[in-house]
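You will see two complexes here that share subunit A, one where it goes with subunit B and one where it goes with subunit C.
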Partner chain A sequence: MVETVIELKGVEKTFRDFWMRPLAQAVRGLDLEVRRGDVFGLIGPNGSGKSTTIKMVLGLIRPTRGTVRLFGLDPRAKAARTRLGYLPELSHLHPFLTAEETVLYYAGLSGMKRAAARARTAELLEELKLSHVRRRTVGGFSKGMARRVAIAAALVASPELLILDEPTSGLDPIGTREVKELVGRLAAGGMTVLLTSHQLFDVQDICNRVAVVSAGRQVGGGVVADIVAAARDKRHALEEYFEERLNAQKDEQ
Partner chain B sequence: MGRFLAITRTAAIETMSQPLSAILFPVAMLAVHLLPALQYHRFGAPGRLARETGLSALFVFGLLFAVPAAARAIGRELETGTAAAALALGVSRPLYLSARIAGVLSVFALFFVGVFSATALSSFSCAKAAEIFTAEGVTRVWGPAFAVGVSGALMAFAGAAFLNRFMNRRFCMWTCLLATGLQLPGLALLESAEPVAAALPAFGALAAAGGVYVVMAGALATRLKDNGVAACVVAAVAAGFLSPVRCLVPDMRAFWLAEGDMSATMPIAAGLCLMALWLLVGCVSLERKELE
Partner chain C sequence: MITAFLITWRSLWRGKTLWILLAAVVAAHFLLPGLVRSDGSAAGRLEMHVRVVCGTVSALMCVASLALACGSFARERDAELLPLVLVRPISAFSVAVGRWLALVVLVGVMLAVNAALVNVVPFSSGLTPPDCKVHHSPSLPPAEVAAAEAMAAFLASERTPEAVKKAPRAAVLALLTAKENERYEVVRPGKSISLPFDVPAGERLAARTRFSTMYNTRMALNGIFRYRDCEGTVSNSTQAILDTPLVPRADILSLTVAPGAGDVLRDLSLTFTNTGRSDVMLRPRRDVELLAPGDSFFANSLRATGEMMALAGLLAAFGFFLSAALSRPVALFTAVVLLSAALMAPDAVSQFPDEFQTTAGEKAGLAISRAVTRFTAALSEISPVSDLASGRAIPMRELIGAIVADMVAWPCIFLGLSAFVLRRKVR
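Our next item is the complex of A and B:
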């Protein structure tokens, strides 16, 4: 039986103001299951609750209702969180640290030993084509370079689960292709990946399963190969499916 | 422990890398040397003048760089999501907050060492200044200790610029380190600078009070923006001078411009208790905060 890495059951999240009055219901009764070895795409329009869902999985915010399990544990449990790597939507790195120090810092946070951290950092900087700028402070980096440093930081502890929030945001076409290839290699090596993206071509290329969320609800999802097989235009299969599911939801409303 | 040190080190580097720190470190050292020299002929009592200039510099310049640094070290991290990236990796929130504040406090401690050394040097140079009587009055000739102190503060910029240009080191951070390091000869003169050695408890007590404001700023930054934190800390300092809420802020009247023979045990103990209290407030606040 395949292990469930992330499990959400009936999850709801309502944000409240200072007086505890409800401001917005970001997630409404979401059920989700990510199994070991999946490259799972969470797709949806802006404000659909993708980032809120990811933050609940990471234990950064608590669900108002329902349960979230990470490796079968509470997401706030240290034992669960030490097994994951996380790339936030915006790569806000410490501007005064060099690329090498940044990756070493995250290695330190993951509890890696100094020698192992150094070796892994050198390996990742090489793989992400950052070796030549490893001694430069990241404050002066372009958005794409900063994104690659953040990806290296997310991967430094060789996590079992990698959570990527808009991984190709800010990258040029070549950088995007390289990240897709990297995710493909990681998945082939057995890593579980949960990612969000607005680039549906990329999601179609690298994910094996997807969930479509809109206004905090899951409105579709399934195995990418099945969605492509059922589509008229194979190249735009996921885009077609995405639009169809959103239109169906609007009709229901 | 490794995680704590990684976060502390990063916070310390960030604090020293701020241009404000790079300006205030040497300027504070310079003020400690120049103010007694400029005011000497008016007040006399050079040892006391040097000592109290040192205490003022420690408190005023120290808070000017450390309070914004503490607010930034926590508030900006929470706002930009950098904290979320660290907390997502299994770092507990209390450990994160404590380590970030410890990073800023370690730089404040470095500043304390620098200012105290500069004060010892300044006190020594005041005591050794030669008086030459001329027809126009008394002219004071300052000795080599004064030259060492003043040039040390100025050389910090030059040294840091050299290290930045030829060895690619961080300019601001090395300005802070050199500004402190070049005042250390003052510690060797501590025996000769008797009034400063006796004032060590007052320096310790004032540093403890400064530490409280730094921790308070870090704790408040879990909920407030930079300006809000600054306003609260200014109000707390004023409360300490005027009508202290003793259980929340240090009683500044107890040791501000203190006499050399004061006992520092109680103020330091009270300062440590208040730091622990504000750290607890910050930990509870961060623990309950939703990192949206």
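Our next item is the complex of A and C:
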């Protein structure tokens, strides 16, 4: 039996201002299911509600309507939070900490024991090619290096589920390729991944399933292999599919 | 919790806050005393030194802990670092507690340095540290009790107009309590006044009289204080605070074997006999105290440090709450406004006790001031700097009360609220 890791049912989110007047309807009815072992891509244009959806999955914000389950639990349950790693859209870090201290800090917040945290941190910094800068404060890091530190922080507690919001944004082609390879390795190791992106070329390479969202609504989705099989241009299959779905939605309106 | 503690310390350390504060504390000890004038006596110099230096350090610690706490969560929210903490399995409460503890330890380190310096610097020129004095107030029933009795008599009296009897009781009681606290007794020439005290015999006591400067009068005080088998004579027309040492009376000493001497010894009242030519006006609840020898300046400086720490700890916890709820500039602004309100409220309440003569607007203002005073009562009851400077031995009970309230109870409430608000304020 396949285990459902993330489940969204009829989820809506309306942002309101201080006076409770609606500001933006970021998500307007979304059903999603991410199963164990999936590398699930949530794709859509800017402002389509991807980050908002992720924040609801993480329990950072509450949906206005509908239900979100994480490992079958409320996303705010401690038991659910111990099992996930999160990379936010913008990797801000404490500028006064070194790379090593940053990762150790998040290990501590995850309740890891000191010795285990040290070993795991060294291992991750090695894997992410950060060992040589581990004693430098992250304030002076380049965008790509900072992103890798943030990824190490997300992975430090060996989560079962990794949630990546725009993991490749701001990275150069080499950085992008490295992240893709890393996600590939993690997925091969059995990790479930939910990622968002608007760089469809990357998504096509690493995801096995996708959902296309536009203006807070799901307008398409499915198994990537099927989409590629149905496409004329195999290299740009997802791009083709994406444009087709968005146009179809515009026609409906 | 330890993780949150460590990161806050690292930021204080690497952000140089620690060093700047430390430099400020040390500088206060060596630079400030040169800037103030005292009455020239050794005791006066010491009092001014302690008052100015410890007052500055204490204020600095309060402002620093409030400002640092106000910046904490608000800055992380602006930097979008908070979600990274909130998705971890650690509870927001323990994060808040860890950070608060880091600030408390910072303040503790600074105040420890301050305590060390204040025990060394003023005495480096050969002056010996004076012992502190335990202050005893007259053992009168609480003002509220006296006020309630006065009100009962007032209501029972036939002469009281019916309309007045219908006035709101709480307001009348508050009014009578304030009046009772400020009640004057007039001691005419040749007459005496007796005040009950609960101070054990066998100690070298002094009677302290303090004239209120509220009415700008400095009365000549001429008379004799007697307590148990001791007495002291006072004759002074200039000082606002007068300590009259009470020394054993020779005639009483010879009486100790005589019959009836026990009655004298059992009477635990301080009597003051006015031998001057003008009336002496004393507020029994405010103007007279018995001073007994206390322990060393050093011990008192430790207690004062504990109280200063409690104040800073409370403000830090409050700052964390503001920081969790508001953005940094708004939190800082709110903190400043509330702090000034807290400082002004007791004055507002004591200067305008009469609720019957005020308009609706003034009534509302008074009600707010009352609420604020009730809230800050625990704070305004302690004055560690002034106590250390004036040599008042801080009672252990007062210190423990301050620590329990300001370092445990209120922080738990404020940090709990911070944790609650943090989860609700994710963008």
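Methods note: the second predicted complex is superposed on the first by the 253 of 253 C-alpha atoms of A that agree within 3 Å, B and C clash if a C-alpha of one lies under 4 Å from a C-alpha of the other, contacts with A are read in each partner's own complex, and residues count from 1 in each chain.
In this text, contacts are C-beta pairs under 8 Å (C-beta built on N, C-alpha and C of every residue); 3 or more make two chains touch, one makes a residue touch a chain.
What you see is a predicted model, and the numbers here were worked out from it, not measured in a lab.
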When the two structures are superposed on subunit A, do subunit B and subunit C clash or fit side by side? clash
Taking the superposition on A as described, I'd like to know which of subunit B and subunit C A:Leu84 touches: first, second, both or neither. both
The chain contacting more residues of subunit A, comparing subunit B with subunit C, is B
Based on the superposed arrangement, let me know which partner A:Arg28 touches: subunit B (first), subunit C (second), both, or neither? neither
In the superposed arrangement, which partner chain does A:Arg245 touch: subunit B (first), subunit C (second), both, or neither? neither
On the A-aligned overlay, A:Arg120 touches which partner chain: subunit B = first, subunit C = second, or both, or neither? neither
Given the touch rule stated above, what does A:Gly108 touch, subunit B (first), subunit C (second), both, or neither? both
Scan A:Arg134 for contacts with subunit B and subunit C and give back first, second, both or neither. neither
Using the superposition on A, tell me which residues of subunit A are in contact with subunit B and, in the other complex, with subunit C. 55, 58-61, 78, 81-82, 84, 86, 88, 90, 92-94, 96-97, 105-106, 108-111, 137, 153
Using the touch definition up top, name the residues of subunit A that touch subunit C in the complex. 55, 58-61, 76, 78, 81-82, 84, 86, 88, 90, 92-94, 96-97, 101, 105-106, 108-111, 137, 153
Interfacial residue positions of subunit C with respect to subunit A in the complex: 2-4, 6-7, 10-11, 14-15, 79-81, 83-91, 95, 423, 426
For subunit B, which residues are in contact with subunit A within the complex? 2-3, 5-7, 10, 13-14, 17, 80-82, 84-92, 168, 170, 173, 290-292
For the complex, which residues does subunit A have touching subunit B? 15, 52, 55, 58-62, 78, 80-82, 84-86, 88-90, 92-94, 96-97, 105-106, 108-111, 135, 137, 150, 153, 157, 163
